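Next up: some structures, all given as structure tokens.
In the two assemblies presented below, chain A is common to both, partnered first by chain B and then by chain C.
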Partner chain A sequence: MPELRDDFRRKDSLPSADAKHPAGGRRPFREQSVSSMDVLPKINSWRQFRALLRKDIVMELRTKEMITSMGLYALLVLVIYYVALSQAGDNFDVGRIAAGLLLLVIVFTSMLGLNRSLVHEQDQGQLEALLLSPVDRPIIFFAKALTNLLFLGLVELVVTPIFLLFFVARSESVQFGPAWMLVLALLVGSIGIAGVGTLLATMSVNTKGKDFVLAVLFIPVMYPLLMAIIAALSAVIAGPLGWQTGYWQMLAVAVGYDVIMLTAAFGLYEFILSV
Partner chain B sequence: MKKELKWAIVLAVIGGLLTTVAFVMAFTTAGVRTFGFVDTPGAVDTVYPLAPPDSQPTDGTLRYQRPWFSQKIFYFHVPLAEASLLVFTLAAVFAVLFLIKRKKSYDTRSYVGMETTLVFSVGTMITGVLWTIPSWLSDWTQIVPVMMAEPRLVTYLFMLLLVVAYFVLRNSIDDEERRAVYSSVFAIVAWLSAPITFFITRINPNGQHPVVFQSGMDPSNLIPFILGQLGMLALGFAIYSLRIAEESSREALAVIKDSFEG
Partner chain C sequence: MQALEVEHLSRVFGARKALDALSFQLPVGAFLSIFGPNGAGKTTLLRVLSTLTPPSRGGTAKVFGYDVVADAVELRSRIGVISHNPLLYPDLTAEENLHFFADLYCIENPQTRIDELLEAVELKHRRLDLVRTFSRGMTQRLSIARALLPHPDILFLDEPYSGLDPHAADILDSLLAQVRDRYTFVMVSHDLDKGLELSSHVLILARGKKVLFEQRGDIDDTQFKQLYRDTVGLGVS
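Up next, the complex of A and B:
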């Protein structure tokens, strides 16, 4: 059964973290009896995707490096905002620019996180190991983008309420829209940031000026998304009458950007990994 | 002589001639368009007509239609912008070809195309600023807020930043194959901004930037415009071919040097 054996070999070379059978990946495949193949878990793309996702999450749970660095950085940016706006006076309404400030902290934090997530892979030679394993390239892309999205989402979950408490809660002119609309806008923005950011960060970790190059590439590419998301966020936080039309229009622009850019990143990621 | 070099010379001569003719025509035969109004205390001896009676001021001053002399730069600004977008598209096409075929010459072509795009986009920005100051602004210090509120100008600025980022990326990679692949990928991603900046005035009509190719034009304006377009395109491809010739001679020289050093 040639195709079965081929299938078997591919299973065997997977990382043993995924092993439901006791021997893991170490036992030479010749020793395995055919009957044990029924015990082996069925390998498909979904399982590989989950294994990659689990690898990143386990690594993060052990080191807690990305969450702490991103969270702390975001909090520091909020403190700097507070200092920067401390002399603005009573007549200045921070609520009017709150959407911009919120997006700014997210963009800066995400750049830090994207760089860190790929530097890990690069330092330990994990990316090479990943390429040696028989995993489809798009799966690597989607797993990496999803972990970046998860970590970014976690940080946003902590930072956004603190931000609103710091800057928006006391502002009188703000008519706050429903919270789920804020979350939806942030989610659409984060998907774009994580997807395109994964592509660009994979490029920038292999250059001489790692995080600087990431910033130079990331901000102009992100520009249309940032414009759309900031308009949607402003509509929710400080929206005048009839803001909902603007919100949905801008969200549609952002979703369009996400679709186009994720398709491009998904198609081009394979080339990035090939060198 | 190399084939590219011959092409470059022929195109440069054609482009130079056409652009010069367009320049001369723009200042001699082309009709002066009007834009806005000028108020004068009394009647003035001028060929420009009075503003329509219903918009005349009531305090005794006369309102004339204002001749739009700064519009002359239109015959260069628009062709420069077109050439930059077309050469950018060419660079992106060569980037795609490189990723498919993995031939070094395609990467060189894409790179040279990006260089030409940079030259032409900087030219577009400079001529655009020169035109913005007299046409849209009463005071030149307002230039940044006015420009950043204009969808076409902002999207074009970000296109220029992407082209600059391409060179930053390219210069920070040492390995030759990796540099070629990464810059091709980024060229494709960056090119996605070209259609955005081209169509933004049609999608979002709130800005002041006019939509070219929609409004009809007087023949005396149209002829120098077309000549300017052709001339600028020829100049663009002349610069492109010249750089290609230079790059291929440089590669040939490197091969010769290597063979001498053994």
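Up next, the complex of A and C:
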């Protein structure tokens, strides 16, 4: 665009760059005489996605803020479970409510992490910097959601075996299904929690009581997923007769929820960020 | 082509008009200083021009020919923003921050550009240090490097001197002077003397409306300051 470049060199009576300055003595910085018109690179969404993901992981590995707070919180909830259930007496069968208890600790822990993941982007206006860059908003959403899923998965990796070992293994009613079915149910649930949670955390991050707002939005919006995953986990853990049919039905509901909500989040994210 | 073409631009928040039918044009290569009392709409104007806030219906704003709504994605590759907020990640090093933004802007051979900019802002020796260990002035210098990274055509400065000590302000002055010929600038400032010293054009806003838009050469400093004081008395919208 030669017309622009000719215009671009017009100085419009600006003070000279070589004018003596109080901070003089520095080596002058000579920008290349190119405009972004000349060097504008092709946008590569995959490169942007990897950069967003790498940034969050590097920062978390460095600070360990989210993992530490989520892990500690989850372990504290397990301690409270232990105290509460130890008062219930020998006749109380933990196996019947184990799936709900497990998902409860995962949901509460994820809410803590989701809030922190967006607060990271606010301290020094970083979210604004992301929005100023030529990144499609859904790329930001998927990178954030995947990061949240990774961190939530790490916490689940520690918490689930501890929970099953200390609370469920000794229950007489428990008839464990295959471990991979438990992992699959947790994965489908975590994808929904991380995806929808990222969307809701973005909506609430600029509100005054963001922790409260996220909690108020989170449970009602996630209710169908939570019900389906609890039912699927119950089928694996407490497995009554015909449990496999119930497991797959509930998992199908959860997968359907994930697909619908993630598609909606993909479409809505730009609008939510612009509000 | 003009650097900025603003026509009847409005932005409404609820019942409040932050920008009210604003119109002006800025030539390429100019340095526009925007003045006005708190709540006059200065930052809103900058946010609209930098695609962060969409304008309300009716008016248009174009930056280097790109509409801030219809061509927002393309436009974002052509603008740089320096704010009183550094827009950097404190838990990344200076170099990691610039690499991250180089990836977002898909800059080719980013290391060369990063080296060039770190040297320009005199932070090459601190390239591997976390930004959270930087002083306010150093952070602001790195923020300038971040803004210049994609070779933007226009730089938006939102009170860039806010919170800087005199030494850091001098360094910022020096950097701006060194790149002044290369970019078009739009700066929001409360510092009349600084704004007048740097600018080729000035804009005064009050209650979201244009009070004055003039070339710097056509302005008498004393009269301008009196007009500004009168304008500040108008308060916010």
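The rule we apply is simple: the second predicted complex is superposed on the first by the 231 of 275 C-alpha atoms of A that agree within 3 Å, B and C clash if a C-alpha of one lies under 4 Å from a C-alpha of the other, contacts with A are read in each partner's own complex, and residues count from 1 in each chain.
Simple rule for what comes next: contacts are C-beta pairs under 8 Å (C-beta built on N, C-alpha and C of every residue); 3 or more make two chains touch, one makes a residue touch a chain.
Source: prediction; values computed, not measured.
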Classify the contacts of A:Ala84 with the two partner chains as first (chain B alone), second (chain C alone), both, or neither. neither
Looking at the overlay, does A:Thr63 come into contact with chain B only (first), chain C only (second), both, or neither? second
Touching A:Ala51, do we find chain B (first), chain C (second), both, or neither? second
Could you look at A:Gly125 and tell me whether it touches chain B, chain C, both or neither (first, second, both, neither)? second
Contacts for A:Val135 in the overlay, against chain B (first) and chain C (second): which applies, first, second, both or neither? second
With both complexes superposed on chain A, which partner does A:Ser274 reach: first (chain B), second (chain C), both or neither? both
Touch check for A:Ala252: first (chain B), second (chain C), both, or neither? neither
Of the two partners chain B and chain C, more of chain A gets touched by chain C
Could you look at A:Leu76 and tell me whether it touches chain B, chain C, both or neither (first, second, both, neither)? neither
Which residues form the common part of the chain A surface touched by chain B and by chain C? 274
For chain C, which residues count as touching chain A in their complex? 1, 27-31, 50-54, 64, 73-74, 76-79, 81, 83, 85-92, 96, 99-101, 103-108, 119-120, 122, 146, 148, 150-153, 170-171, 173-175, 177-182, 197-198, 200, 215-217
In the complex, go through chain A and note every residue touching chain C. 3-4, 7-17, 19, 21-24, 26-44, 47-48, 50-52, 54-55, 58-59, 62-63, 123-126, 128-136, 274
Report the residues of chain A in contact with chain B in the complex, numbered from low to high. 196, 199, 203-204, 206-209, 213, 216-217, 219-221, 223-224, 260-261, 264-265, 268, 271-272, 274-275
Interface residues, chain B side, partner chain A - complex: 99, 155, 158, 161-162, 164-165, 168-169, 172-175, 177-178, 181-182, 184-186, 188-190, 192-193, 196
